Every structure is written in C-alpha cells, then in structure tokens.
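Think of it as A, B, C and D in the order they're written, each chain with its own count starting at 1.
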Amino acid sequence: MDSTTPATAGGFEPRITAFVCNWCTYTGADLAGTSRLQMASNVRIIRLPCTGRIDPMFITKAFERGADGIIVSGCHPADCHYNAGNYHARRRFAIFRELMDFLGVDPSRITFSWVSASEGAKWRDVVNDAVTRVRALGPFTAYRNMVVVQATAPKSSSPEHAGEGEGLPMQSLAADGVAPGASKEVTA
Amino acid sequence: MNVYQPFRVRVEEKIAETADTQTLKLRFLDEDVAKSFDFKAGQFGEYSVFGAGECTFCIASSPTRKGYIECSFKTVGKVTNAMRDVEVGDVMGFRGPYGNAFPMEKMHGGNVVFIAGGIGLAPVRCVIWNVLDERDKYKDVTIVYGARTVADLVYKRELEDWGKRPDVKLWTTVDPGGETPDWKGSVGFVPAIVEKAAPKADNSWAVVCGPPVMIKYTIPVLKKMGFTEDRILTTLENRMKCGIGKCGRCNIGPVYVCKDGPVFTAQEMAKLPNEF
Amino acid sequence: MSTTTFIRTGDLKGLVADLRAAGVGVAGPARTSDGAVDYRSITAFDDVVLDAQPRNSLKQFFLPPTEPLFKYQRKGSDVAILEISATFPPRVIVGARPCDAAAVDVLDHVMNWDYKDEPWFGRREATTIVTFACPGGDRSCFCTAVGLGPDATRGSDLLLVPAGDGYYVEVVTEKGKRLVDAYPKRFGAGAGVDATLSYREKARASVEGHVPARPDVIRQWVQEHFEDPFWADISLRCHGCGGCAAACPTCHCFDIVDEPETLTEGTRRRNWDTCQTSVFTAHASGHNPRADQCGRCRQRVNHKFAIYPARFNDILCTGCGRCARTCPAGQDVTEILNRIVAMATGQGGAA
Amino acid sequence: MTELRELARRLLSEGTVNAVLGWEEGPRGARPAFVTTPDGADRLIFDHRCVHNLASYLSPRRPHLKRLGKVAMVLKPCDARAVAGLIRETQVPRENVVLIGVRCGGVVTDPDSDATLSEATVADRCRGCPDREGKLADHTVGTAGPGFPGPSHRAQKIEELAAKPADQRWAFWQAELEKCVRCHACRQVCPMCFCDRCLADKTQPRWIESSPHARGNMAWHVARAMHLAGRCVDCGECERVCPQGIPLGLITRKIASVVAERYDFRPSDDPAVPAPVGTYRMDDPQEFIL
C-alpha cells in the first residue's frame, strides 16, 4: 500500500481491506471469481483461519495504513469449522462496532457479513455495497492523518527546511506561532 | 541532521555463523564518511533496519581495516530478526562509534589472552584482529574460545586461520556433550580450559567476553594465575536507545554503559551493583 | 546580568499582545477544558493563571512527548533519509514557575553531554522564559531543599516579582535583555526590590522545611545503600506507571522507535519513556537487569539524587512536588527524602 | 476503624496472613498500606477518602508483591467486583486471599480531599451504587452511610456524546486522546489489566504504535477498551490516575453498558458468573451482520 489513495479519473476509489475466514468466505469469494461475477475491484482480501482469529487491532492497523473501509466476513452461525469461532467473533465485533461509533468513526466503514462457500453472489453484493457506501463517505484520511510528519528531501538536495511541522489535526499552534515542538500542548 | 540520524551503509556480505547468528559486512554509502570513519577496538554502534528500529552491537571488525564495519548478532528480537532478513545490497543505518575502547596502547609490549564464549567472540574478535594486524607490538597471543556445541562456534573460518598461525596459541572448546565425532578441539567449560592453557600472567592482559556465568567463573581462575583485576578487561552490554548518554536506559548503578563503557576492567566490574 | 527594571500589569498585557502581533508564539499557564491549569499556548495575558502550579511542566516545550527524528523512504534496496528541521520559530513563555525554568537548565547538562541534542537546543535558543516568582507552594514543594527557591532565577531569562502596580523585573540573561530592549515602552521605573521582599519571604516560608536541605547527605546514603531493604519497602505501593516521570520537569528518558506508515516509508521518533516500567530495561533475550519494581523505584531516586549529581554536579530535581501530587498510590518524594535523611543521620530506619 | 484494626491484628498475629493490604494516612491523604506486623495494624484507616481499588495489587503481574506471602485485603463493595473478576478469570485463587469487607456508603474522588462526603463531593461511580457490603468478603466490618442515588454524571455525558453527530464525537475524542502521553498509568492501576505482557509492549508485531500521537493513542485506547469489555468494574481508577485528565471512564463505561444491554452482564461480586467476552449464546443478536 502506498500512502496515497487510489484516484481514478472518475474520482475517489475507496481502498477496502477484507478480513475473511478461510473456510467459508474465502471460498465464497473464490466462487464469485470463478463464476466470473462482476464486482468492484477495490477489495484486498486477507485470509485468516476463522473470524475468531480476527483481532480488532487488525482493523485499526488497516485504517492506520490507509484503508478507507473494512469488511469482516466468515461462516454463518452453526457453520464454523472450529465450532464456535464465529460466535466469539460476533460478540467481539458487536462491541467493537459500538466502540468505534462512540469514538466518532462512522460504523458504515466497517461491514460485517456471513458468506458461505456457496454464496459467491452474496459476496459480490457485500463487496459492491461496501464499496458504494465507503465511496460516498470519502477517503478515511482523518484516521491515518492523525499524524503527519513533514520532512525535507534527502540532505544535499535541499538546504531549505519545511519545518518540523507535525501537522496534528487539532493543533492550532503553528498558527499561533508557537513552535510545533510544543505540539503536545493541550489545545482543547 | 541531528545526532540521532544514522549514516547509510550497504550490506556487502552476509554470513550465517550458526543457525541463529549472522555477520553483516557493511560499507558506508557516502565516500567521505567511508574515508573519514574511524573507531577504536571495543566501541559500539547503533545499527538500524529502517522500519524495524535500532539495535546496539559492538563493531566486530578491526579498526585496522578501513572503509567497512562488521557486526555479528543473534536473532532474538524485532530488529535482529529484521537484520537476519536483509539481503546483500540493502541499505541499513549505522550511528557511531560510541563508548570507550580497549586500552590498546597500554597493552603494547605485553602478552594478550583472549577468552570468549559463544557470541561473546564478536567484540573480542575486533581486538584479536587489531592485535594480529599489528602483531609485532604484542608478545604472546593466546585465544581460548568455547561454545555450547560445535554448531554454536562462530567465525569458524577465522578460528581455522588463527589455529594455523604459529604466533597464536588457540584453544577451542565445546561444552561436554556438544562435541561431534570429528571434533578436534577440547571438551570442557571455558574456565577449565583457561586453566589448562595456563597463559602466563606476567606482563599480560586478559580480554574476556561471554555469558555472565562464564565471566563469573573465569575471573577467579585468572586471578589465581596471577592476573590483577585491572588487567582483566571485559565488555558489557545493556539495553540502549541513544548510545550517547541521554536516554537513561543503560545505567548500572552510577555507570552509563554507553559512555563509561562498554569496556570495563574486572576491578571496575567488581564495584558495580548487580544490575546487568 | 544584574539589570533590573519594572513592568506594570497593563504593560504586561500589552507585551503579550505586542509579541503575538510580531508573530512570536506565547505560552503560559492557562486553564484547560477539564478545569486544570497547563502550560499551553495563550492568546492574551488574561488567559494566564498564576495561582496554581501547572499540571504539566515546561519539559514538553523542549522535549515533546513524541517528536520525529527523521523520515525514511525505501526505493528498492536503497533508502533515503529525509531530515526534520531543527530550526524553530521564536516563542516566549510567560508565567513560568522558577522550579520549571530551573529544570530546563538542569537538563542542559545531559543534553549537551559530549553530543549536542539539536532539537533540544534548537527549542532552547528559540524560547525566552519569563518566570514569575512563585507565590508559595503546598506541602509537597521542596525547592529550597535542592538549592532553588520560589524566586530562584535559574533557567529564567527574566524573573518577575509582584510589586506595587506591576512586577519588579530581574533581567537574568542576554536573551532576557533582548526582550526588554525590544519593547522599551513596556518597561520602566517602578517599585524597587524592597517592595518584593515580603512576597519572597512569605513564599519561601511556605515551602521551607518540607525536606531538609541536605542533598549531600541524601546523595551519599543513596550511593552507599543500593541493596537496602528501604527500596523494597517503598516499592510495595508503586504500580509501575510512569505518571511521576510524565509529570516530572526533569525526567528526560526517552525511547527511539521506527514507525512505518506504509511498506516503503516511515518515521523514526523519539518518545518519552520511563524507568518505572519493566520493558524499559528488558533485553530482547528476555533477561531484565532491573527485574522488579524495587529496582525501578530505586533507579528514579538514584538517578535524581546520586547519579546526576555525581556526573554533572547538579541535582536532577527541582522540588516541584509533581510526582507526589500525581502518584495514584500516594508515593511521596518528600517522605522518601525525609526517611533517607533520617536514616543517614541515625534518626530512624526503614519503617 | 477499631474493628478493622483488631481484625487485621488478629489475622497477622495468628499467622493467618503475612500482610494486610489496606489504607493508611499518607503525606497527601489516604493511600494504600501494606501492614506486615500486628502492631502496624494501627496504621489502618477506612473512610470516604479510601478511593483506591486495592484489587490492583492482587494482580499477578506484580512480582514484587509476591514476596509478601499470603495477604488479607480490605475491600469496598465495588472493589469486591474486581476481586471477583480476578477470580473469575483464574488470576487469583480465592483461597490465596483473605477478604476483609468494609461497609461503604460512597467515597469522594480525591484521596487528599478535606471535603466531607456529600451529594456534591461523592465520586461519580458511587452514584447509584446498590452495594453497601461485598458478599465475597470473609469478614465484614464497619458501618455504611445510605449511599447516593444515580444516575451518574458520566452516564449523562455518554448520552450527550452519543446524541451528537459522529464528526463531533470524533473531534471530541481527538482533542482528548491527543493529550495522552502514554504513561500507561491507566493500565498499571487497572485491577483488570492483568496480562503478564501487555499488547502495547509487544513489538513483534507492533499492533499499537508506541508514540503518543493521536493515532497511536487511538489504537491504545481502542485496545484497552476492547480488552476491558466485560471485565471493567467501573472503579474509575483509570480516570482518576490519568495525569492528563482524559475522561477514560466514558469509554469503559460506554462499553460496559453495551455489554450489559446486549449480553445481560453487569460486573458483580459473584465469580461464578462467566465473563461475557469469552463465552457466547447461539442466539446472540446480530442485527449488524449482513
């Protein structure tokens, strides 16, 4: 992933990371592919053994590194290869979703679904819906840009410094003329 | 440019010493730095893999060999794992040299005994090559090196070279049970082999480095032979971040390992509290 | 520098306005949204709150909790290093406390120990510290025990002491003089030093006697009692959080970490760190030379009152008392120092 | 107080325990005390300034406290929920600790406060607290005031925040989280943060950026909230100890209310009730899953 958001001539194209279970959704996505179903190409799939293996930290890390939206998908209830992984995941993500909402992250950036190995068409719909929704929300720069460091080009090339400029979104310090060095000041 | 910004170095050679120990040969990218870079035997540096972080090792090559540096490390943590994965041609970072050094000038005209265990040979190797490259400045050179098993011996090719030299007395040993059928060296713990090697203590210096337990049992042996504590030298390591006395991490009691060390005499060591 | 002058309160307000108009950043102790007082950026002198010790210290103005050291960019096997500027816009801190100003000066030693820490000194040089003599502290204050006082000038460029309808001004440094010279209309004749004496005495009386002014006794005892059961005793209540170190104006230990932002680029940063956590000294191998809280509590006292004095002939503590105020478990540095002095002088032992 | 001291003295002199964990008068108000001799029992106090949740000291990640040997702990009814949590999650064997319950009618927020306990000064978590004594205790001493009615200010603040548009909540938390300097006091003092090695200290991989910038702080507080889901006993220690004044209790309490609504779990002093995250029901609601 590079730091810029893929932009096509048509405008913003969201980048979506999908964390899927190996047994159901991954196979279902595979089926969608082999069935030549048409769907948005914005999704990068990360295959995991089970939805029970998907730590909420995977999602924050994906947002950190540039994802605009997330899909978490696995086996339907009662279908888990490990019997109960999806039940545990269900509780965990119910809480996680409420937490993100409370912190101000639009929950519609995160899609949860059960897609079985035979549901290629459902996977297509989940992907297309997620892409449409996130495209409407726009890039999630607010998350990854919580830290922006400005640096100069490699030495030799430029004697001019752009300033330390930790462009923290909340800081009004640079405007105040206070060195960004004190950017941890409370500006609330 | 601030003091925390490293020089860029290119990996020129990558040698697997043992299953979990590597040596990297690093050459400075900047010609001027390559020419002017100088260090003393025993000094250390901060090696970095960009994206993984920095790690502290002694410089394992000799200051008599210019233009490059080498480091040997065991893969244990995040940075050393990343260092294991670098490829020849990759660019890494290096800051240094930092810390004090072995008193090479003082050792001129004396006998030198090198005693090392496991990866502890890395800092000693720097001094060994320094001595061997200026061989006429020193008298008898004895090397006692041990590892747990034959497979754990590092710098095997150099051990072979040193063993062939008439002006070096080399003892290699492995712990009992660690020998292979064709092992020609000794079998036994390092302190016992030092006793067997019986280097003379008169006008001699001992350079000791290895696991704490080896050092603990070797120093009494040396003292019994007549080595005085101020002529037994060792090099310590502690967790460091800055390497230049600021980050406050490497204190052992009042001592900053990065500034007062890493080289200490047994006399200085005896005064340190048990915090390393 | 021993010049003195005077500034009326109205002119002080005007000075802050002048500075801001000139594009100079101004910071001072001001109220935060949660009701506390922090040193923070201010827009007018009226924001300044002088009757409470700020919750944070001045440390973060010179050593921010996190700061980038440089950025790196990979291109294939090659890596480019992108520098971060060490030049900083000018700023004035108005309303510093003497203990906080002194702390910055204390830290200059280590920040310049053989290697000059450019970001630190870049900010130091860009910053003028206008200190207000302290009105007096609470029972955790002990600046007089470490060679300072409520009207100490150390680390300050100007020291202001309330007198009459304004402030008696001691010009402490060249930098302070430059500030006075730049705004000559704001400074002028007024009450003399005599008018400040009762203020100073009252303030001093409020902090004196909380800890005996015996730094040498403390230093010697700490140096000689590395293994004393006292350390285990005081460490019992310690949670091993870094609250004390975060609040401390002189705790300066830091970590250096790489933070990848993408697969090819990232930032090397330095972040505040604290000797109170177990990971501070833990080796990657799992070995930890400072294995339990006992050693960590000792390290903090040792570093401040023995290691730093032995190295730089200066105490790494300005007696601000923040660690005692912030400790969630009631660990109190004045109590620790009092017990050490008592033990050293044979007037008591580890309770 | 006499009853408490007498009991502590007896437990120590009879050798039932090696140490009693309670409160004492420190230089800045009430603070945790570790009494190891029968005579030391006279140091013990209990009043409305004893705000600390001493269950933190039972957490197994405090090796320096292990050498005290068997301990008795003085606990408020709310602390009993934390001890029950530690027992529930097999961090503390019940038989390893003697619990001296103190009856409690509420505490203030600041252990150094000279305020008397009143509607105006009572700690927010005590508003609406139904428990006057902990059922988990082996001994129960003292008398309790009537307690204080709810709802808590925090519950109101959570509702206010939840009613705002998402971008305003985002801005609110950005401003708060940016203050965090990652001293980890919230973690260290939390009785339910009992991991031997915290996720935030792990480097391979580093899930949580260790730098105290808003992004790293966000990851840390998300992880903390998730790990405390179904564990948090709402003792408010994290918020009390935060040197930056971040309202951490809003997050943990919000999650606690989610867990209560969805899974009918409220922290109690009954260790036999299973932890809600770590168990499941086949018919858990899943309205958010496509």
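For the reader, a short list of remarks on this structure follows.
The criterion applied here is as follows: a residue touches a chain if its C-beta (ideal position, glycine included) is under 8 Å from a C-beta of that chain, and two chains touch if they have at least 3 such contacts.
Because the structure is a prediction, the values reported are computed rather than measured.
Inter-chain spacing, taken between the CA centroids of subunit A and subunit B, is 46 Å.
The mean-CA centres of subunit B and subunit C are about 39 angstrom from one another, to the nearest whole unit. Distance between subunit A and subunit D, defined via averaged C-alpha coordinates, is recorded as 33 Å.
Looking at subunit B, residues 1, 77-78 sit in touch with two or more other chains.
Residues of subunit A in contact with at least two other chains: 144, 147, 155, 166, 184, 186-188.
For subunit C, residues that reach two or more other chains under the stated contact definition are 32-34, 65-66, 70, 81, 83-84, 86, 119, 255, 257.
The touch graph of the protein chains shown belongs to none of the named shapes.
Going by the touch rule set out above, the chain pairs that meet are A-C, A-D, B-C, B-D, C-D. Looking at the complex, you find that subunit A touches subunit D at residues 55-57, 60-61, 64, 77-78, 84, 87-88, 90-107, 111-114, 126, 129, 142-144, 146-147, 166, 168-171, 184, 186-188.
Considering their complex, residues 32-36, 55, 65-66, 139-140, 232, 235-237, 239-243, 245-247, 255, 257, 259, 269, 271-272, 274, 277, 279, 291-294, 324-326, 328-332, 334-335 of subunit C touch subunit D. On the subunit D side of its complex with subunit C, the touching residues are 26-34, 52, 56, 62-65, 67-68, 111, 175, 181-185, 187-189, 201, 209-213, 216, 237, 240-241, 243-245, 247. Within the complex, the subunit D residues that touch subunit B are 203-204, 206. Across the complex, subunit C is touched by residues 1-6, 8, 48, 50-54, 76-80, 87, 89-93, 238-239, 241-242, 244-249, 251-254, 256, 259, 273, 275-276 of subunit B.
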